[in-house]
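Order of writing sets the labels: A, B, C, D and E. Residues in every chain begin at 1.
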Amino acid sequence: MIKVKDLHKSFGKNEVLTDITTEIDAQEVVCVIGPSGSGKSTFLRCLNRLEDITLGEVLIDGVNIADPKTDINAIRQDVGMVFQHFNLFPHKTVRDNVMLAPHKLKGESTREVRDRSLNLLEKVGLADKADAYPSSLSGGQKQRVAIARALAMNPKVMLFDEPTSALDPELVGDVLAVMKDLANEGMTMVVVTHEMGFAKEVGDRVFFMDEGRMVEEGTPTQVFDDTTHERTREFLSKIL
Amino acid sequence: MNLSPEAFVEVTPYLLTGLWYTLIITIIGVLIGCVIGTIFGIMRLSTNWFIKTVASIYVEVVRGTPLLAQIFFIHFGIPALFNFNFDALITAFGVIALNSGAYLAEIVRGGVQSVDKGQLEAGRSLGLNGRQTMRHIIWPQAVKIMIPPFGNQFIISLKDTSLLSAIAVTELMYQGQTYASITFASFETYLMVCVFYLLITIPASILLRFTERRLDHS
Amino acid sequence: ACGTDDTEGDADDADVNGDDTDDVEAEDEEGADDEDEEAVEDDGDENGGDGSVEGETFTVATDNNFVPFAFTDLETDELTGFDIELMNAIADEVGFEIDYEPVDFAASLSGIQSGSYDAAINAMSITEEREETVDFSDPYYFDAGIILAVADGNDEIQSLEDAEEQGATVSTRQGSTSQEYLEDNVDGIEIEAFPEITEAYEAVIGGHVDAVLYDEPNVAYHTEDLADGQMVTVGETLLADDYGIGMPQDHELVEPVNEALETLKENGTYDDIFEDYFGERPEGT
Amino acid sequence: MNLSPEAFVEVTPYLLTGLWYTLIITIIGVLIGCVIGTIFGIMRLSTNWFIKTVASIYVEVVRGTPLLAQIFFIHFGIPALFNFNFDALITAFGVIALNSGAYLAEIVRGGVQSVDKGQLEAGRSLGLNGRQTMRHIIWPQAVKIMIPPFGNQFIISLKDTSLLSAIAVTELMYQGQTYASITFASFETYLMVCVFYLLITIPASILLRFTERRLDHS
Amino acid sequence: MIKVKDLHKSFGKNEVLTDITTEIDAQEVVCVIGPSGSGKSTFLRCLNRLEDITLGEVLIDGVNIADPKTDINAIRQDVGMVFQHFNLFPHKTVRDNVMLAPHKLKGESTREVRDRSLNLLEKVGLADKADAYPSSLSGGQKQRVAIARALAMNPKVMLFDEPTSALDPELVGDVLAVMKDLANEGMTMVVVTHEMGFAKEVGDRVFFMDEGRMVEEGTPTQVFDDTTHERTREFLSKIL
């Protein structure tokens, strides 16, 4: 599904990702953890080329997205992304947020897209908010709309960048529940998160990053309970 | 102290004529300025070095020189060299359009840039291309951000038309000067001129503040 | 030259000498007083006459962009012109000091009316209406007319009548005698009155208007001395005003100024200054 | 086309004299404007209804009328009524001070208001009283915020001095007008006038942007 | 130490605190929990009159601070406050942040204040940052400076409004450690927090607020494990 080979990413002279090589299989749920500034977001954003790739290859379903000849807009339709701060379109209703991309990109008829949007909103428990504007929603609701919006393009992979860290603690649960459902349905997911509970329960694998390197990858049990890496242990001792 | 109260009444019809010109020049000038501003504002956002530089030069030169110098250069300087001339009213529209255009270009640029970067990323990551993202996501939000500074520029341009009195355009200020030069009732005349400007600018800025607040809430 | 009130009488008999006669008479009347005192003053010149104004400083309103009467010399950045040099000579003669205030014409008039200036010398026409509120010195410039000028090469307009026939646009300065003249005496001309006369000239050169009508000495200065032949005068001189130094009514300066003016005319200083700015000696000398 | 290259050279000494006046008037005018702006800006922040209204009227009237109308009102209108006169240079300083003062009042008010409310709360909750909090905590931060808009106002006022040509103040624009009316080399003259303004405004705005960036980083 | 009697607080027509009566003893550590918008911050801010009190009494050491005649500036010197977003003075060095209030208010000599500031900074583990500006500190360091600043006035009570919720998870520990020390030294503390671990370990009592009312107060065990209130149980189920 996703292959990353010798990925390097620099901002100016500052190398933020160093030599990352890994593979993520279809239907796998990967959680990425690591201290602030370790490059988790940058890694995720390289997977749909929201950040230009400095060096190395990223293959999605066999297509090298680092290649400038690749039609990145086509690839991105297969790669949904959910942001920490939701990034809903404030000038559009919830339904229009979800409908926009399929309508403009897939040339589907309005009726068709409309129905699918409503289904998706039902799935995230917000069918009744279809005509509301984002500003009237709580953070948790916003994030669930953002997930529905990303799903509207029928992506093969979903990327989540700290989807719950901007939420009030009581609103986190609803969002995680939606993500759990998604994982159970077999969606391939890469999730940057500090929610260890989620990682343990849903994650197939955990990546631990530090200073732009992939320090360790393994099952949640391997990483959380039996790590042999000093840096991982130090990090976990602080956040658990 | 020798106030002549009848001057206040007598000057009014003159000023009303002037006000009409002031409004027409401002409205048409700023409308053309909007077109110029949108074009040059988007040019300034371009990644193409040349396009960007051209737009920057226009904006910086206009913003770096006094409007009065621009008026004289356009109305007297250019005809003197190229041996053609135009009506003062044409200069009036042109100079207000050119001048407000440069300031509006900055407003357009600022508006687009102040849309949260996450919006662009959200659009692009859905698979929309740059143009689609601009059109459906960035631009509608940017326009909303631009409304208050646009209103502000309108008020500034309205006041700026007063400088056109120097080239005998019969706007509000010019009409006042004419009346004052006939009657020497300078105090009464210029007081009324100020009142006439305030009659437009104060309601306009109240409306503007109201709009601003409404936009803030939504 | 500026000001609207002064043409009512003059405009009708533009080229007739009627007005002049009035002025001459007026001069004669005052001249009589002068002579009496002059006799006294000539003797006591050294100790400053009655001593009332000698050594004092007076505030004199003037213009600073009205060539050749009162303007700022761009090279030296100093106020100069016929009015200024004449006023300086008068001050030297009487023995007082001057503090010049370059102000707008309208402000100078209201300033001497109220007494906040001691005098105004800025090519101010002597008119009956003004004499009701201020005192004028004897005339120091006679028969100041207004004249039409066009851009060089404009053969179609050779007089105000041509302009009238063609429905031309004529520029001038707001509130000037020329504007009043145009409004009262010609039909079919579109008037474009600029706040500053300099802009009215530029409008001719820029081609925005067909001609300019303004005070002859000023137009002459612009057409002959400076503008490199880009603008030429056409037709004949209209109107004929006399210029005088305006002062608050019954001001202590009125008499000494008139005496000094007389002296300067007699001893040739006046003619020398006149020649400096107008290129010839005044008629009759 | 009859460009006279020597005019570019000839006009320069005149314009240098004018530039000198332009700078002096701007600097002194804006400095006085700072004092006015600080006083009225703080008055607008007052909780006292009367003080606030007085300041608001001043600010709104000045900002709602064209500078040219203000110049004519002060230079011709007031002396005509009250029978006193002042030197055009005094009007020049006064009008630039009054005008920039109103805009600076808004800058002062905006600066103080844009200091994070948490700063006030932190100060007060330590037991500092309102005045101490203002002086030691809010004001130093507000001043820093005010620097860029202050610089901007300086550039605006510099361009505004060109309007003083209407009352024969021998600043840059006036010198240009005089030279142009003598030689009729309008194109060359007004081009040079614009260049002279740009020689001041462009470096000033580059410096301003640089300062702004430095302030942003700290 | 602190007595609250029939406290009401409204913003306009919106009643945010309704009829709150409670007492906090000297040396007690009280944790305030509750859903977002329930009035926790407002309650805390009423304790040093950062919010005007609409109705009722708040007595600190017997002085009614709701009384307009009370010199509130004097009272505030005895009540330290720590904010969610630190609110350090960005134009002053860390040392000057700490020194400002004692210097201006207690008229102490600079030397004296200087020494005490350094001691306080040592206590929060930041003596080496004395000459740094706040902008160069991490969130956790900023919050520790904010605590030192509040302590510089030798307050009798310390109020904390979600002191760790703006921090990266790995930086939370250091701040909580400082607060723990403070509690062990016998400081009276009122802490709005979502850190249940802290509340359990350090808290003497827990207040649960909902919709402006004090729904329940009791020891941490009573509230967290044996609550009889439906609303509390619902809230806890979401955040634990």
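Heads up, the rule we're going with is that a contact is a pair of C-beta atoms (placed from the backbone, for glycine too) under 8 Å apart; a residue touches a chain by one contact, two chains touch by 3 or more.
Chains and their UniProt names: A, E = Amino acid ABC transporter ATP-binding protein; B, D = Amino acid ABC transporter permease.
Since we're looking at a predicted model, the values are computed, not measured.
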{"item": "Intersection of the contact lists for subunit A and subunit D", "value": "B, E"}
{"item": "Contact distance in steps, from subunit A to subunit C", "value": "2"}
{"item": "Top-ranked pair of chains - ranking by C-beta pairs in contact", "value": "B-D"}
{"item": "Chain at maximum distance from subunit D, centres defined as averaged CA atoms", "value": "A"}
{"item": "Centroid comparison with subunit C (C-alpha atoms), farthest chain", "value": "A"}
{"item": "Subunit B-subunit C separation of Cα centroids, rounded to whole Å", "value": "41"}
{"item": "Computed distance of Cα centres, subunit D from subunit C, in Å", "value": "37"}
{"item": "Gap in Å, rounded to a whole number, between the CA centres of subunit E and subunit D", "value": "46"}
{"item": "Centre distance in Å when subunit B and subunit D are each reduced to the mean of their C-alpha atoms", "value": "19"}
{"item": "Touching two or more other chains - residues of subunit D", "value": "76, 79-80, 83, 166, 177, 180, 184, 186"}
{"item": "Residue list for subunit A, restricted to those that touch at least two other chains", "value": "none"}
{"item": "Contacts with two or more other chains, residues of subunit C listed in rising order", "value": "106, 110, 195-196, 199, 202, 205-206"}
{"item": "Chains that touch, pairwise", "value": "A-B, A-E, B-C, B-D, C-D, D-E"}
{"item": "Subunit D-facing residues of subunit C, complex", "value": "61, 63-65, 67, 71-72, 74-75, 77, 101-104, 106-107, 110-111, 113-117, 195-199, 201-202, 205-206, 222, 226-228, 230-231"}
{"item": "Subunit E-facing residues of subunit D, complex", "value": "116, 118-119, 121-129, 132, 136-137, 140-141, 144, 218"}
{"item": "Subunit B residues touching subunit C - in the complex, by the definition given at the top", "value": "72, 75-76, 79-80, 83-88, 165-168, 174, 177-178, 180-182, 184, 186"}
{"item": "Parts of subunit C lying in touch with subunit B, wherever the complex brings them together", "value": "4, 106, 109-110, 171, 174-175, 192-196, 199, 202-203, 205-208"}
{"item": "List of subunit A residues in touch with subunit B within their complex", "value": "48, 50, 73-77, 79-81, 83, 85, 87-91, 100-101, 104-105, 135, 146, 149-150, 153"}
